[in-house]
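Per-chain numbering from 1; labels A, B, C, D and E assigned in written order.
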Amino acid sequence: MSIFIPILTLGLLTLALAGLIAVANKKLYVYEDPRIDQVEDMLPHANCGACGFPGCRPFAEALVSGQVLPGKCSVSSDAGRAAIASFLGVALGAEEKRVARLACNGGINVAINQAYYKGVSTCQAATLISGGGKACSWGCLGYGDCEVVCDFDAISMNEFGIPVVDIKKCTACGDCVEACPKMLFSIHPISHRLWVACKSLEAGDEVLDVCDVGCSACGKCAMDAEDNMITMVKNLPVINYSKNHKTQDPIQRCPTGAIVWLDDKDGLIKGKEAKKIIRKGSRNMGYS
Amino acid sequence: MSKVTLNISTSPHLVKGLSTDTIMKNVLYALLPAAAFGVFSFGWNALLVMITTTLGAMLTEHYLNKWYGKLTTIYDYSAALSGLLLGMTLPPVFPLWMAFLGSVITIALGKFIFGGLGYNVFNPALVGRAFLQAAFPVAITTWLQPFLPERFYSVSSSIYAWPFMRPTVDAVSGATPLSAFKFDKVSTEAYDMAMGICSGSVGETSTVFIILGGLYLAWRKMLNWRIPVSIIMTVFVFSAVFYMLDGVAYPSPFFTIFSGGLMLGAIFMATDMVSSPITSEGVWVYGSIIGLLRGVIR
Amino acid sequence: MSLINQNKANEGFFKKLGENPATDDFIKGLWKDNPVFVQVLGMCPSLAVSNSAKNALAMGLATTFVLTMSNVLISLLRNFIPKEVRIASYILIIATFVSMVDYTIQAVSVDLHKSLGAFIALIVVNCIILSRAEAFASKNTVGRSFFDGLGMGLGFMFALFCIGSIREIIGSGSLLGFQVMPDAFEKWVIMVLPAGGFFTLAALLLIFNHYKLKKSKA
Amino acid sequence: MDFFSLHTNTFKNGIHPPENKEDTKGLPIRQFPFASELIIPMTQHIGAPAEITVREGQEVARGQVIAKATGYVSVPIHSPISGVVTQIGLVPTISGNKAQGVTIKAFPSSGQEVAEGYCIDYKTASADEILQAIQNAGIVGLGGAAFPTHVKLKVPEGKVCDYLIINGIECEPYLTTDHRVMLQQGDDIYMGIRYLMKVTGAKEAIIGIEGNKQDAADSLTKIKPTDIPVSVKVVPVKYPQGSEKMLITAVLGKEVPSGGLPIDVNIVTVNIATTAEIGRLLPHGRGIQERVITITGPAVKKKGNYLIPIGTPLRFVLDHVGIVDDIAEIYMGGPMMGPAVADLDISITKGTSGILVFGSKDVIHTDKIYPCIKCSACVDACPISLNPSKLGILAKFESYDRMVSDFNLMDCFECGSCSYVCPSHIPLVQYFRLSKSRYKRKQALNQQ
Amino acid sequence: MNQESLMTIFINASLINNFVLAYFLGICPFLGVSGRVGTASKMGAAVTFVMVISSVCAFGINMLLVAVNAPFLQLISYIVVIASTVQLVEMFVKKASPALFKALGIFLPLITTNCAVLAIALLQTSKGYDIFQSITFALGGGAGFTLALVLMAGLREQLEFSEVAGVAKGTAIVLLVAGILSLSFMGFAGLGG
């Protein structure tokens, strides 16, 4: 008999508690779509924001609710996107790959520094001190904030202090756009190969005095381009990408190489008449 | 005018000129009189202990930095300061190997592991001291009588015990005023304690020199005077209340504030810039809490 | 230190064994996914009863037993337990085994039971057991679960023994109750105090991290 | 002494940097010669840049408006010289960004007659008319901030102004412009105060002067007019007492709340040089064409206080006063808050209160940067009781949101006291400036 | 019956024999959720709450078990009761206050496997505390746990802005700090004997 008492006790106890939990489970249940967790697991967890959402979780919520398509995630692999699409039973929504492009090519070998900046060595900090020391107000300062901020190791500073974007690694997350105090980065579809690598609003000698590769606003590219594809606005050529921009004609007569052709394999290609830069050291500091 | 390249830097373009190593150096100087009095009182024993901890701390700092591939930071004097402070809280006949171990713990565990100067959350010297207290409770409560005649002729054998071996105690041991009161209810004159005519740790006996050092630092604005003042005030009030309740079981407030290294702790330990609060309100609270805890634990 | 080096030397041997899934499950718990050093689980007993090597061994054995048995049972029942109450059921199963171990130890040695105190009972809430049940036993076959439990348990015991012997040697000058240090050795009282447990485990973790960092750099 | 602080005619904390005013404080204001070509940027004030109203080739007279205000927070710009506009385009500015500007070539051998406008009489004109006149005169805060004065003077609906405080503190080391203005333009100052009191409706005006300018205080007291309730108050020397909020605490013992304006405690403050300028220009209906600037520093040969036309190129100024060969750094304004100059092609603007030139051997090189040892020197120095130590650490770890929400970063006005006292030589002010700009940028991005 | 005064029990459980720093109970949450002072204090409050509830339940269960003469079921019934209590609390919080659940919810399953909670039940039984002593014990233990957690969190908030040496990052530094804290808690040993 005595063996039954504990069994009974424990049995009753367990039963009572199980019943309580079962009731509570029914009464206090809060529904959450389980697919959100699953989709989030399938995402790359980079939380980079390239999709336009604050992170992978909100993107997963939006995916499940059908607001967006998986193609928006530029970090995930093709297979990953396809997997999410088939899991949710939606279209892939493929988008063209976009990458970050830099609108300056004024490394230390071609652009002048007018002052020695001393202080916290980031571009953001330097910009606040009389523009950071570069003679060109619009030019890249070369302290590499973009390199630091890039989560995908897609940006590296070259020997002249100019960031180079590795288009294979770039996910168009836009962190560099945000980080650059001179606003030199912008996100473009990879098919936009015609590119103006200068942001100087000045013209002629004012530009050439401080930088060998700046746009001197001569307007030759605008003349050579078909169909008014290029217009000069505020001393800079502006390319209308909705027109046919697949030809290299406009860059050929550029005297400084400020308008360039960005090739997948060969990188940055300058026109035939662009002056050749053979200087490897830094261009003279200042005016002395 | 010829064209020139200028420097650009952020404002302000003036600096006061005081520097961190100067502060550390001055705190070190302020400790020296009390340390010297310890040597005067306890002889070569005390000197050996303090030299061991100071050098031990500096060596540890140097080699840890080297091993970690950083520039050595012993020139900012903070390692030497922590080492000396540790030495001053140890008994004069403390085995040197233990003292050395303590200084290694002080720097490695109290400071380096947190990222070095400025990042430690505890006072490094206190970490070292607490470790030694817990590891070797006997050795750290073996005291020496002050002003022994042979103090400048011989060194206690426990000082040079073999590493990791138990020290042999041959010292003429003396009770600190605190332990004398705690166990035998013998009260020492506050005057004697202030002048350092009592046994105790190497650097804590001469309250007068410690206060003088503190005053020097306060005058140079290298010490937050609010901390020692609030600690000592709290301890004084706290012990005065108990003394008035029962004058036999509890010591007088004057005895309390001059005993057991309270002054050293309040002036040189609690004021460690890195681990003490920085706003003046925070400092008062911090001081009173230390004082209260001190009263409770003693 | 010596124990770890020895283990390192054995790594090649372990790798060979690792080709078989059952032994792989076994080895994983011992070294690669060691519950204490790598997963940092089951901290309470690893610190609390590791002031002597003997306690550590006893605790390790008890945990291994419970871990293995509960893994097996849970694996057996994995298709019968409803998802909603699985955790509660696991705990119930674990608690049963723990009660058994508790009374066994009491029967074998009252002294040991006294020195381990409530910690035998607290094996119930050792995160290792629940985490293995949830992460492994509930998804894998009985055989694999057995080896997983055994490996994890022995890994836990190994870690406990490391900590326990270090603390005992330095703190009491002995190992498993036998004096190993000379008479004149000054015992570090701190090592048998709670703080010593924290410091010892931290030191072992530091050594582990150091090797991990070195490996990742190489 | 925080427990026992009674009103001690000064504010809490603060620092005492070396004053270095001896070289120039005894030198009277002298007229600077005209450069052959003046470059006038349109961004001389805070707010919307002025819009150019002249064209290339146009002849302008001295005092003629060459750019009009574009909006409320904006002021017009007057030609500082009679000459011909040679170029309109981008010109360099102190901030490092190029701005629209006008280049005027002086007529050779011109007498530089000043074009005068309509007189505004403080007795007959209404408050609004005076405000309009102040804007038309292109007057901005001449202490260095260059905030349009008429905006500051406008008392918002529902608020009243009890006190008008005239800021004659000049706490920045080296600078002596306000000192000289007080000594030499006392009558202009009192005339300016008459206008200001009419505009603000203040019941009383107080001129706050630091103790190191006792002679200025004496001279102002001596010529004090009887028709307006005005008094001179001398306060102890301390930096940054010239900041609005510090000044109010020093003079009246009132605290302006965090994020508030002086008018929240019924006070309006105006810089003394600005007051003098109002008193000098308004009776003649003129605009600002020149301002007093202290040119000093170890590398300057002819130190002094000069009346320099706006737009004079910095290069011309330096050539004229003479500097040693190896100059290293130039600051526009005082050494505590003035920005460093990167480009000698910039020109004098309305906000320039001083030009300091340091040779390479005079520059105090920042030593090794140590980690923060939490010595609390910065906390004891910060005039607005922030915690620069904590802020600096947070900035290092880029916790900008916490800096703003928990530690009132936005209250910081970059006076530089913390960097000045820091024994670890941490560039705190730069960190804060950077953090503010990063934070603002993030906010702007989030709002998009 | 145990004759200890309530005050002694409380001080003992909270300071002298601090659950975390002297008994190593609840180390997992101690390491896991001591990142922020805010979350740490919430966790502490949650644990204290569960401790008191389970202490009361355990007292009742124990009386029942003694009555039916089945003390060997002690452990198993305690754990079942605690597990279900925690689950009930979790559900209740999830329903009643989603915000609180977001802040607290993740800790609640952790509490189930928190040895401190089970230890409270086991220890009070082995010490033979009556109901008031049990509740005081639970409160003291919870207070001690909270104190250790909050202290740790405060220190870790500072550590977040330190350049902790690479090898010590993560658990190691927390254990070291815990060791130092444990050293300093030894100072309380003189209290109340």
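Assume a contact is a pair of C-beta atoms (placed from the backbone, for glycine too) under 8 Å apart; a residue touches a chain by one contact, two chains touch by 3 or more.
Keep in mind that what you see is a predicted model, and the values were worked out from it rather than measured.
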Item to check | Neighbouring chains shared between chain D and chain E, ordered by label | outcome: A, B
Item to check | Comparison of B-C and C-E (more C-beta pairs in contact) | outcome: C-E
Item to check | Between chain D and chain B, distance of the C-alpha-averaged centres to the nearest whole Å | outcome: 50
Checklist entry - Any idea how many Å lie between the Cα centroids of chain A and chain B? => result 55
Checklist entry - If you average the CA atoms of chain C and of chain D, how many Å lie between those two points? => result 70
Checklist outcome for this item: Taking each chain's centre as the mean of its CA atoms, chain B sits from chain E at a distance in Å of 35
Item to check | Multi-chain contact residues (two or more partners), chain C | outcome: 88, 92, 190, 193, 195-196
Checklist entry - Among the residues of chain D, which ones contact at least 2 other chains? => result 339-342, 366, 371, 427, 430, 433
Checklist outcome for this item: Residues of chain A that touch two or more other chains sit at 14, 18, 21, 25, 114-115, 118-119, 125, 128-130, 133
Next on the checklist: Going by the contact rule set out above, which residues of chain C touch chain B in the complex?
Outcome noted: 182, 184-186, 188-191, 193, 195-196
Item to check | Of all residues in chain B, those that touch chain C in their complex | outcome: 95, 98, 131, 134-137, 139, 161-162, 164-167
Checklist entry - Which part of chain E faces chain C closely enough to touch in the complex? => result 21-28, 31, 72-73, 75-76, 79-80, 83-84, 87, 109, 112-115, 117-119, 122-123, 126, 166-173, 175-176, 178-180, 182-183, 186
Checklist entry - In their shared complex, at which residues does chain D touch chain E? => result 371, 393-394, 396-397
Item to check | Complex interface listing, chain E residues touching chain D | outcome: 160-161, 163
